[in-house]
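What follows is a single structure, written as structure tokens, with notes after it.
The chains carry the letters A, B and C, assigned in the order they are written, with residues numbered from 1 in each.
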Amino acid sequence: MKTKKRSIAPYLLVAPATIIIVCVVFIPVIQAILMSFQSYDLRRPNAIKFIGLGNYIEAFTDTQFLNAVLRTVIWVVLGVGFQFILGFVLALLLNRQFRGRGAIRAVSMIPWVTPGVLIGLMWRWIYDGNFGVLNDILLKLHIIDSAIPFLSQKSTAFPGVIVTIIWQGIPFFALMILAALQGVSRDLYEAAEIDGATKAQELFYITIPSIKNTIYVTGLLRIIWVANSVDVIFNMTEGGPAYSTQTLSVYIYNKANALNLGYASAMAICLALMLLVVVIPYLRMNFKEEKS
Amino acid sequence: MKKHPVTRKAASILAASTMAAGLLAGCGGAASGTTTAGGATTKGASTAAATTKAAAGAATTKAASGSAEPVTIKFQYWADNTDYSQLMQDIIKKFNETNGKNITVVGEEQPWDGGAYSENLFNAKMGGSDVDVSTWKLTSTPLYVNNDLLLDLTPYIDKWDKKGDIEDNIYNVMKQAGGDNSKIYVMPWNIQVLYVYYRPSIFEKAGIDHTPTTYQEFLDDIKKCTMDTDGDGKTDVYGFGMRGAKGGQEPWGSFIYGEGGSFDDLTSAGSVQGMQDFIDLYKNGYVPPTATSDGFNEIIANFKSGLTAMTIHHTGSSKDMEATFGDDVSAFAFPAGKGQWTSMGDTETVIFKSCKHPEAAFEWVSYLATGEGQKMWCEGTGNVPVSKTVSQGDFFQNNRFMKASLEGESYAGILPILDTTTEWISTTWPNTVAQALTGEISTEDCMKTLQEGLYGK
Amino acid sequence: MKYEKPGTKALRLILLIVMLVFILFPFYWTFLTSIKPENELYGDTVTYFTVHPTFEAYKNLFTTTVNFLSAMGNSLIVAVSTTLVTLCVSTMAAYAFSRYDFPGRKALMSIFLCNNMFPTVLLLIPLYTIMRKLHLLFTPGSLILAYTTFTIPFSVWLLLGFINDLPMSLEEAAQVDGCTRGKAFIKIILPLLNPSIVATGVYIFMQSWNEYTFAMMFTNTATRTIPVALKSLIGQLGVQWDLLTAGGILTIIPVCIMFFFAQKRLVEGLTAGAVKG
């Protein structure tokens, strides 16, 4: 069990991290929260005043906002879901002994190392409706018979950007799961094999339970991260065409860039509240488990 | 919840930030981040200092009189490519060596960032940045003027000996952007007039023997140039490269005016008809199907690869076009229909109110507007000069693209500069037009949304 | 060794190849773009390799105004410093959260998790003011402080997850053997955490190596980092594809090489004997 004794040690240990965070972001965040209750549009600084829940009410009558919320849910569920599945598979593959493993582990990290601006532009280039390599491959394989303008039509633009975020997020999961797998005891597998367990049983009864803390945490962090991510979509489509790739974070970014900070802050708080719906059950479970 | 009419001024940001800084000072020692920073800081700062010293040294040697106090002006700019970046650095160097007034301009480059340059700079200025002078786009003027960040240049221009070297109508455009039509906050630098690029060889193939003289003829030529050259039933050459992504409002405006519409009333019959023409081109396959997301890169790539026969841009891309096609590319000014309009792109400079040496800063911006800086920049980039003297030079008189630009200058205009314009350009226009192109909303609804986006409901 | 059906092995190989193709193709395409002559870029046909490779772009990165070498140096200073600082403070905090129960613990943990929920674009003006008042503006220090702030929360939670996966019994055994708590941490936990610390370190490094918004706001020509240098290659007159992709390759390669060495610490079985769950 955890040490219950009153001691100064834990406070000393958490102090540096806490101080840095509080000093740098505490006041800006409080300010942003206050802005969300004001008509804080810097294009009209003389008209800034307290408007209570005005921005929030506006958001819930704004179809762009509501669509963006829905899109964010799809974006997070599909994006993080596939990142996790593919990252997990990759981690399992890379956890085995084989020649050249180090090199393959290293190159698997490439999507993550690639600068955001380049990711957006390269994928845009790959998807291009006129010179894009994806169209060229599909045409050559006779899967399609005329080029698809992937990012120019509503039906394919959003799936297009989701594939890109999946691509970008695989290494993160792979790396974290790979690290966690190192802590799983060999003995457990040996015992299971003696009992005649199948590979699938081993996976679900040994591997996953042993690293579940890591899975929860990485999943949770990734959800927060992907929900807030802007640069992939922004560099690929800027939220278009016809708003079809405008997630909530992109909408917030657009409004913030237009200097309507009050409305942007209100939407950002809505996004944070949505994330809390995911975070709170996790924290509850986490704290409850500690007790038992 | 009850509404309280409590007024919170923008200044609250500053007050709270001061609190933040106070808080920080209290805990500075504990933040281990700061310790590491210390060592690195010195290096960065000393490099900067070295640069300044070298530049200042050069300035003092040349300035034989040496009577004036040394002054440093912090100048921020964006460069559209590495050549322009080099060119700007050369101009700065030349100014520092020759101004004779002990002024040293220190250039700081920032990314164009898809137009977010202005917002990034705004955030920095609101946070207390010490930039003195910056390159500029007219559309962001209201934002900065409303927040009281720009220096009123009117008194400086009035007593400036070269005031007459710039056309009055250019000053008028600058005044309009300032809001109350009396003050000039923005110093003219260079302009770009949009015209139509075309490929003579494709025109010939389509049986067109002269460039269009009317708007209707232009639309017909787009249709004629749309061809299936290899007989496989698919279009290989599109008549026109339409820009549907951000920035597309500029060429689009010419269609609106071609049918007699205008930016003043986007819901008028003429404006709606212009939009309809635009949609018809897309629906009937006279422009590439990617048009809804095509930005500058794409329209240029499509034109350069021969996929499109015509597209609209300005002299900024003419060098590149000539390098690709030699003689097989030319230009004409956007033809007249019921009305005639083409977009005037603009780049200016501003001086911020926070600048401690406005006289010296004005010396620098005027060097860019009419002096050697103007000549070097416009010759190097192919932009249209604002200085009458400079535009008389051979370079500008003997160029076919410059000719199309100067032809269009008489009816070239800019979007109404309102505080809504920037957002309208970056999100409202591209998304609403894409909705209309794909048939999601009607032409009338599209124009209504655009009207409201600009002027409010 | 255990017997394995040949089918399983083949399946695994195919799976690995498919994933690697998906992961690496865009990288290959970036590289190809960086060495293609421009007329092949927008040609009638898409080419999958080039017979006229040109490495001009790589040279231009260092000889023109891009000044990529200095950007790489700045990025390295910032990323390494951030990684060290964040790792130190986060490991301490994560250990405290995992092994101590103290008043305020849950609140602090929750605050840490929520810290990164707010989009940074809304915090730019006050952050700029803070950096200016601290006299950190235009120095690598500003970025180190900003990145540390935004990587600590995730790092603490990641490390917490890893530490929670390690059984408590290990340290208890050590303490029974007469080790102090601190000694038990250094001798027992830290070696076991090695793979996790490497993984978290990689996370922090990547975040600070690739961040754009803060880098653009808080640096100047002398201190600019890679993402800003790359972004400056996209102007109003289009993308300088050759330079941008060459710069991208040069951003990726050193990190991959570093990771190649770091991943040796992610060795399977290193800890297997020690952990008995």
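Methods note: contacts are C-beta pairs under 8 Å (C-beta built on N, C-alpha and C of every residue); 3 or more make two chains touch, one makes a residue touch a chain.
Every value quoted in this text rests on a predicted model; they were computed, and no experiment measured them.
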Message: Counting C-beta pairs in contact, which two chains come out on top?
response: A-C
Query: Looking at C-alpha means, what's the farthest chain from subunit C?
result: B
Statement: So, in whole Å, the Cα centroid of subunit A is separated from that of subunit C by 15
Statement: In whole angstrom, the CA-centroid distance of subunit B from subunit C equals 36
Task: Specify, in ascending order, the residues of subunit A that touch 2 or more different other chains.
output: 16, 20, 24, 27-28, 31, 131, 257
Query: At which residue positions does subunit B touch at least two other chains?
result: 13, 16-17, 20, 24, 31-33, 114, 126, 301, 305
Shared interface positions of subunit C, touching two or more other chains: 42-43, 88-89, 126-127, 130, 145, 148-149, 231, 234, 239
- prompt: Okay, in this complex, where on subunit A does subunit B touch?
  reply: 15-16, 19-20, 23-24, 26-28, 30-31, 34, 38, 42-46, 48-54, 128-131, 146, 149, 151-154, 157, 237-243, 246, 254, 257-260
- prompt: Which positions of subunit A touch subunit C when the two form their complex?
  reply: 1-4, 6-7, 9-11, 13-14, 16-18, 20-21, 24-25, 27-29, 31-32, 35, 86, 89-90, 93, 95-97, 102-119, 121-123, 125-126, 131-133, 136, 167, 170-172, 175-176, 178-188, 193, 199, 210-214, 216-218, 220-221, 224-225, 228, 230-231, 249, 252-253, 256-257, 261, 264-265, 268, 271-272, 275-276, 279, 283, 287
Field: Residues of subunit B defined as touching subunit A within the complex
entry: 1-10, 12-13, 16-17, 19-20, 23-24, 27, 30-33, 114, 116, 119, 122, 126, 142-143, 146-147, 234, 244-246, 288-294, 298, 301-302, 305, 307, 419-420, 422-423, 426-427, 430-432, 434-435, 438, 440
Query: Given the complex with subunit B, which residues does subunit C contribute to the contact?
result: 42-44, 60, 64-66, 77, 81, 84-85, 88-89, 124-134, 136, 138-142, 144-145, 148-149, 216-217, 220-223, 228, 231-240, 243
Statement: Listed in rising order, subunit C residues that touch subunit A in their complex are 2, 8, 12, 15-16, 19-20, 22-24, 26-27, 29-30, 33, 41-43, 45-46, 48, 88-90, 92-93, 95-97, 99-102, 105-106, 108-119, 121-123, 126-127, 130, 145-146, 148-150, 152-154, 156-158, 160-162, 164-166, 168, 181, 192, 195-196, 198-199, 202-203, 206, 209-210, 212, 226-227, 230-231, 234, 239, 244-245, 247-248, 251-252, 255-257, 259-260, 263-264, 266-273, 275-277
